[in-house]
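Next come two complexes built around subunit A: one with subunit B, the other with subunit C.
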Partner chain A sequence: MTEQHDSIILNFVVRVLLVPFIFVFGVYVLVHGEASPGGGFQAGAIVAAGLVLARLTTGSEHGERRISTRVLLWLASAGIGIYVLAGIVPLLAGVNFLDYAALPVEWFNAVAGHERTNRAMGIFIVEVGIFIGVFSVLVILYDHLTERFTDD
Partner chain B sequence: MKWLTAALLLPLAALLIYVSADLPDRGDPDAPANLHLSPELVEVTERDIEIPNIVTAVLADVRGYDTLGETLVVFTAGLAVLLVLMRGARPRDSGRSNER
Partner chain C sequence: MSIAGTVLLGLGLFFMAVTAIGLVRLPDFFSRVHSVSKSETLGITLVLLGLIAHQGFDQTSLKLGLIALFVLITNPVAAHVLTRSAVRSGLMPWRRPRPGAGGNG
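Let's look at the complex of A and B:
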């Protein structure tokens, strides 16, 4: 379960065809979550599933060298941090906790040439935080649940 | 004991089935659930947030505090599992300590 498979077909199909597609689809679900069903939780689950698939074929040893538990823990904390920051910045501006209307993100409209409300931007920032947190936690769970099997 | 459970549950089932006939139709705009809060949420999404997906607007903005708690629950659950599974592992190398 955690050893590397040597099948070239499996490696090609998973690492060249499937996993990149799953990652792109996960990011699509994340950024399109405000127009269609989707959002941070779903996108995090999808991208984590892609990474778990890659680890199933390339083996956990090889996979974990790329993103270790330590990095994933930092990532999960950073996801929560993004969310909390999106709540605290409006607090410093003198309005309620998580009141995205006070977030200083108006510059994005000029950069993108697309009119968006601050609250829509706040929703997106928060979704990115949820995405990073859920993705990291799911991969941590996979890594440490499969680690026990190698002990037996 | 089995008959006692049945004797208690059958009247309850009969009551619920009888009551369900009076429930409003699905998607009925005049149902009580659609009169109080839903129109306000639709209006807020259209007026202040301007995104097409009302569900996302409610999840991340109107109920942002709730969603923050949900994310913290996921994070805490991951930490708890990590702590339980890493019990006995040597400190300093948080990865796989044994070579196999």
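Let's look at the complex of A and C:
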């Protein structure tokens, strides 16, 4: 549990300028991961750094009200679940585990107007699962580490 | 374009060297933080401007400009927080020791 830092300069810069930009940059790293260095794990680490920065400056209580550890536990499980579903669904369709070509995602190209192959879509789904799992697990780790210090 | 970039890079490296010397040679915490926050911010900004001048104006130089902007924002804020918590915890600024007063300076 950390207290809110009482410097108005730090609070303004972190809450208004830095944390929103860090989140946008994390999503950029996630969706641009095919064409440049990046991907699910790196994007998750960046977004987790933004959340931990917010918790360090505005205090754990404020951060807990925004995204509580319960919600983060559900998010971490959902991230792993997305990954596993992307592997299980092709298995049910009669091909190998994680064979993205069998994923039923053709409708997305029609909706978004893209020309992506099923394999690219499958890799992106796995990346989103890794992203959600990594960022929520890292923030859960931070929450547990700071909780331990106040207990004793 | 390339000459301006090289001049900016050289100036930036000069200020970074000043930062490093100040960090080693200055007597106490406050003056060291001041050295890092002022001249290092200037040095990094000049180096990034020099890289932009070498690169020309495209997407890469836009990213370099964003890095310079965020260094300009975060470096003074970090120095502010450091010195503020040092003052809160009771650290006094360094004074020149009076001659004949003894002590270890």
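Here are a few things to note about the model shown:
Rule of thumb we're sticking to: the second predicted complex is superposed on the first by the 150 of 152 C-alpha atoms of A that agree within 3 Å, B and C clash if a C-alpha of one lies under 4 Å from a C-alpha of the other, contacts with A are read in each partner's own complex, and residues count from 1 in each chain.
Throughout what follows, a residue touches a chain if its C-beta (ideal position, glycine included) is under 8 Å from a C-beta of that chain, and two chains touch if they have at least 3 such contacts.
Not measured: the values here are computed from a predicted model.
After superposition on subunit A, the partners subunit B and subunit C are accommodated together without colliding. In the overlay built on the shared chain, the residue A:I9 is in contact with subunit C alone; subunit B does not reach it.
Within the superposed three-chain model, A:G39 lies in touch with subunit B and out of touch with subunit C [touch as defined at top]. Of note, the Cα-centre angle with subunit A at its vertex and subunit B and subunit C at its ends comes out at 80 degrees, rounded to the nearest 10.
In the superposition on chain A, A:G87 makes contact with subunit B only, while subunit C stays out of contact range. Between subunit B and subunit C, the partner in contact with more residues of subunit A is B.
For the pair subunit B and subunit C, the model built by superposing on chain A gives 18 Å as the shortest CA-CA distance. Subunit A residues in contact with subunit B (one complex) as well as with subunit C (other complex) do not exist. For subunit C in complex with subunit A, the touching residues are 70, 73-74, 77, 80-81, 84. Those residues of subunit A that touch subunit C in the shared complex are 5, 7, 9-10, 13, 17-18, 21. The part of subunit B that touches subunit A in the complex is made up of residues 48-53, 55-57, 59-61, 64-65, 67-68, 70-72, 74-75, 77-78, 81-82, 85-86, 94-96, 98, 100.
Partner subunit B is touched in their complex by these residues of subunit A: 33-41, 60-61, 64, 68-70, 73, 76-77, 79-80, 83-84, 87, 97-98, 100-101, 116-117, 119-120, 122-123, 126-127, 129-130, 133-134, 136-138, 140-141, 144-145, 147-148, 150-151.
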